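My questions all concern the structure below.
Labels run A, B, C and D following the written order; every chain starts at residue 1.
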Amino acid sequence: MNTFGRNFRCTTFGESHGPALGVVIDGCPPGVRLSPETIQPMLDRRRPGRGPLASSRAEADTVEILSGLFEGRSTGAPIALIVRNRDARSEDYDALRTVFRPGHADYTWQAKYGIRDHRGGGRSSGRETVARVAAGAVALACLARDGIRITGSIREIHGRVIPREQEREIAEAAERGDSVGGIVEVVAEDCPAGLGDPVFGKLDAAIGGAMLSIGAVKGVEIGEGFAAARLFGSENNDPMTPRGFASNHAGGILGGISTGAPIVVRIAVKPTPSIRKEQQTVDLDGRPAAIAIAGRHDPCIVPRIVPVAEAMLALVILDALLEQEKYLRYAGGGRE
Amino acid sequence: MNTFGRNFRCTTFGESHGPALGVVIDGCPPGVRLSPETIQPMLDRRRPGRGPLASSRAEADTVEILSGLFEGRSTGAPIALIVRNRDARSEDYDALRTVFRPGHADYTWQAKYGIRDHRGGGRSSGRETVARVAAGAVALACLARDGIRITGSIREIHGRVIPREQEREIAEAAERGDSVGGIVEVVAEDCPAGLGDPVFGKLDAAIGGAMLSIGAVKGVEIGEGFAAARLFGSENNDPMTPRGFASNHAGGILGGISTGAPIVVRIAVKPTPSIRKEQQTVDLDGRPAAIAIAGRHDPCIVPRIVPVAEAMLALVILDALLEQEKYLRYAGGGRE
Amino acid sequence: MNTFGRNFRCTTFGESHGPALGVVIDGCPPGVRLSPETIQPMLDRRRPGRGPLASSRAEADTVEILSGLFEGRSTGAPIALIVRNRDARSEDYDALRTVFRPGHADYTWQAKYGIRDHRGGGRSSGRETVARVAAGAVALACLARDGIRITGSIREIHGRVIPREQEREIAEAAERGDSVGGIVEVVAEDCPAGLGDPVFGKLDAAIGGAMLSIGAVKGVEIGEGFAAARLFGSENNDPMTPRGFASNHAGGILGGISTGAPIVVRIAVKPTPSIRKEQQTVDLDGRPAAIAIAGRHDPCIVPRIVPVAEAMLALVILDALLEQEKYLRYAGGGRE
Amino acid sequence: MNTFGRNFRCTTFGESHGPALGVVIDGCPPGVRLSPETIQPMLDRRRPGRGPLASSRAEADTVEILSGLFEGRSTGAPIALIVRNRDARSEDYDALRTVFRPGHADYTWQAKYGIRDHRGGGRSSGRETVARVAAGAVALACLARDGIRITGSIREIHGRVIPREQEREIAEAAERGDSVGGIVEVVAEDCPAGLGDPVFGKLDAAIGGAMLSIGAVKGVEIGEGFAAARLFGSENNDPMTPRGFASNHAGGILGGISTGAPIVVRIAVKPTPSIRKEQQTVDLDGRPAAIAIAGRHDPCIVPRIVPVAEAMLALVILDALLEQEKYLRYAGGGRE
């Protein structure tokens, strides 16, 4: 299932070492101003950093728009975006053709499909998120017309909350041939109340599904999240006042529907599974093997997950916004 | 969106104080032995306890099967299940017609639809889970044919892990007119490798969406979950051996596809929003109001969430299993 | 797949001789006045006639509403409707347990599912349309708020266009233990321009799928339909004038989108496959058998198809109308 | 809605005069041998003929595969195919920017979206079918592995069944600046019994939706189709024998499920709406206008519809085949 969304439907494709990655967006409202410049800056944020600690794969990630625009505006027809792969060094991966990397999708993909593009993880590569980010940039442009903003930030890296300590953690891990994870927070501001579609299309359910569809994400929480499990009801409930909610423990969602308060989401990112340290594994025939992963890998992908998480939240909220349009005329409710 | 699943599709309906709740299951494999006895025990587990601390709403929750069976077996036709509401004391809720309860869906439902069944929360009531549990019981019967078992348990209540301390927490909260939440863990054992549908139908994404669609759930994590964000890659990766994975930090899912190891999911349940303590709120016209919620409410719904979480995990896994069937003949992969 | 529609989603269930038939409507706009009286008259039109030529199964087909209403209006929550089976004489069908009726779904259902409720055709019975008609009645109530009307009529029975000749055809066929088919036309008036969702959700594509999902329908055409294949372009094109289209060969749809002119659909209904005349067939073991079908069967179901076709057209148009709502704010197009 | 299919999901994109057309296929079984050579011959069949009567737009329609293959075989990941537009003479269409062509989607697209790519009809151009045919070629390759074949043919052009008379009709119409339509038949042979998903995903319903989603198609019928409306039940029923059905009036489908007999579909194609003859129309402001359409247009598109109809039937049948896989293990039914 490579399509996300019911109204703003994004179908992504592409492998790490294939000719191109891309997305077809079906259901984009007509009349939205779009161009490569709408998309490129967000793709650039997703690219590997330039520092000594980052992956050195040098992809320009230039987006090309194949359809869906007329004189610089969306027409309601599907918008196809592609990004060519340029710097794919497939030979780096020859050793991995028959060996499963621990913590990666190698074994499970093989178990599922019986065939596997081992080069850079193929479709299971983090590079797949190029297409998500491109789609997210279009969604953000749509949301901006309604004044909705989405911002992500790093909350923790390997348990550290202070940036310089985070950098040190990454550097130390890299030096040891190891890797670290962290926590990313994404917030959507100025969303109208009324978004979300009970009972299975609840806004938090959609967000949860979206975030956990990002590789390396192992947990998601809304508002207080896991901490809510340790509060009293009287602490966790948000009192209401004529000026709005007096607090936002709920993280902007009640009963699966947005309250109008900021929507607050946090995700847990596991440490990069590709590490130089030797690990124990098996090969295609189930025989024991040792593996030490060379190649160009980030010792911490948390910073690069930030725009991906923003993109996914944008996709969810725009989808809910379009869903909500259907009922506005009838309900007299929602956004005024 | 009241339908869950792509292959084993469950459409639920019903309000807390309406005539009935129910579910239509579309896509149940044919030939499965089913009867009310398949479903009733799990519904009984979901019912309020009998202790002094539990909600005293006395519903028998007797399931009736309206379609889809022939001589005690499923036929491939949709299976409709209904449970009549009997003990709905709607008059308890008259005071809530024009006032929004903090922590509930009252305000957001009104904002979305412009109309709202205020009696017991209407469709946003926890009573909605009756239909999920009924569907889950059918899914579990299907899964049992493949030897897959699903078990839920309480991990924490208000931060406590020892049962007698948990009971004390609940009792104390109840006494003060307050409420507490907790953490539930659900585990699926003996699932084949290969379940899950990258990149947006990943097994963990589907689980995340399913769990966060349960009212009161504010977070979900797989395997190490949020703790993974504080591990090194070398700690978090699960080494592989000829006998399988040497550990299960991944919680049974890699790259969104099941590994064959137990699938381990934890969810954060917020404290019941209905509390006797007075709270500050507003009415339909936005005027300030104070509210102290009478009626029959559990001071802690964590125990009753356990079968609901089991049900949702069963729905996700069965759905993935049916999806996987499509490719088995081609892939030669997955389950042998 | 027992769900129809993307926005106004109807999930039907039930067998000819099971406890009940019904439908869950998910996505009904809130605020619509509904009651059993909204639905019952259309169900009554679908019931067997009372004449000597009609099926004598005596079902009251009384609808019960289980959910989704509050004080007589829809709330946005799913609306469950059920109709109990009362007069199911299952013993009439004992002889058919092991023999396939020609022209029926007996053989194909067995081939697909490996199990089959043979009583009255089970789920493949024409009685299944009870649920469609109930859903259609709700859709018509929604459409009426926008002034959209849908009317079906008999165009042909066994090639005859004059009512008294049609009746004679039916009578003669019945006398000989045979059956006849015919053609039904359904027209939707006062639909706004702009309905339909290119390229695969075109309005005519949706109508075609809807109509051919009715048992016994073997063809569908829009506007001129098959006759258009014999016209010149200059004859078939509808000239446009400042007052609208000068003709309606297109049947109200161009490029898969409604033009604002009446939407005109015709369907071909095959003769009832259940006939008293002896037919050649096989049994479950593939052995030759002769069959002469007793029981209560209409020699012509064309009149009873009329409300079913109206219902399906209503479902399609309401679904397209809700889809279109999503874009109105953006497009400034469609309905004013 | 630019996605077709539930299991073999094809999302198409592209306009007549944009950079490219294409399709993303999601859900292709893994392990299928595919290359540009699998697809190009069918694309070539769809291209305009070279005769004096055909459109002279000279597109090579060369397909490029962007993803989803590894060493010449499908991997289960989405397959993206694109075809670049080369010979788009947009200036031919400048006169049509503000005038609606009768019989085209110009007016309805404008009404729906409020914006429109007028160049060659934009997304509503027949050129859109390039993507369908590319996807259909992949589907046919999958079906071939199960021995299923699909063949289309011209049955009528402007009422004529003899090829040389058909050619004369086209030539005469072209000479007069007019156009003609016709009837195409498509047959699928050696399909297993059991395909189709009652009650709304019936095989004939899916075929009807697929065929009417092709531009210019105004009617669809299965087996006897409209002629069945004039037969007696005793004539139209297909007797069964130990060697199979004795006739095939049903066109290979009973109760919405394939019987194993050939699946026979006919579609009515309207005359090309683009004609040189002057026609009456209106402009964007609703003022009367006269139009005589220059540019490169086929006086009869029936021959070019043949591969498109084959493609759509292939997509429907493969989709049903994958759906059916889900239940084979349970049912013991369907294909052996």
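Criterion: a contact is a pair of C-beta atoms (placed from the backbone, for glycine too) under 8 Å apart; a residue touches a chain by one contact, two chains touch by 3 or more.
In this text the structure is predicted, and so the values were computed from the model without any measurement.
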item	value
Intersection of contact partners for chain B and chain D	A, C
Pair joined by the larger number of C-beta contacts - A-C, A-D	A-D
Farthest chain relative to chain A (centres taken as mean CA coordinates)	C
Where chain A and chain D are represented by their mean Cα positions, the distance between them in whole Å	36
Inter-centroid spacing, chain D versus chain C (mean Cα positions, whole Å)	25
Whole-Å separation of chain centres (CA-atom averages), chain A against chain C	43
For chain C, residues contacting two or more additional chains	1-3, 6, 12, 30-31, 76-77, 112-115, 123, 198, 327, 330-333
Complex interface listing, chain C residues touching chain B	1-3, 9, 11-15, 18-22, 24, 26, 30-31, 64-70, 73-80, 82, 112-117, 122-123
Residues on chain A engaged by chain B in the complex (per definition of touch)	1-4, 6, 12, 100, 102-115, 123-124, 128, 156, 158-159, 173, 178-183, 193-202, 204-213, 215, 217-242, 246, 250-251, 253-260, 268-275, 277, 279-282, 286-288, 324, 327, 330-334
Complex interface listing, chain A residues touching chain C	6-7, 27, 29-32, 76-77, 198, 322-323, 325-333
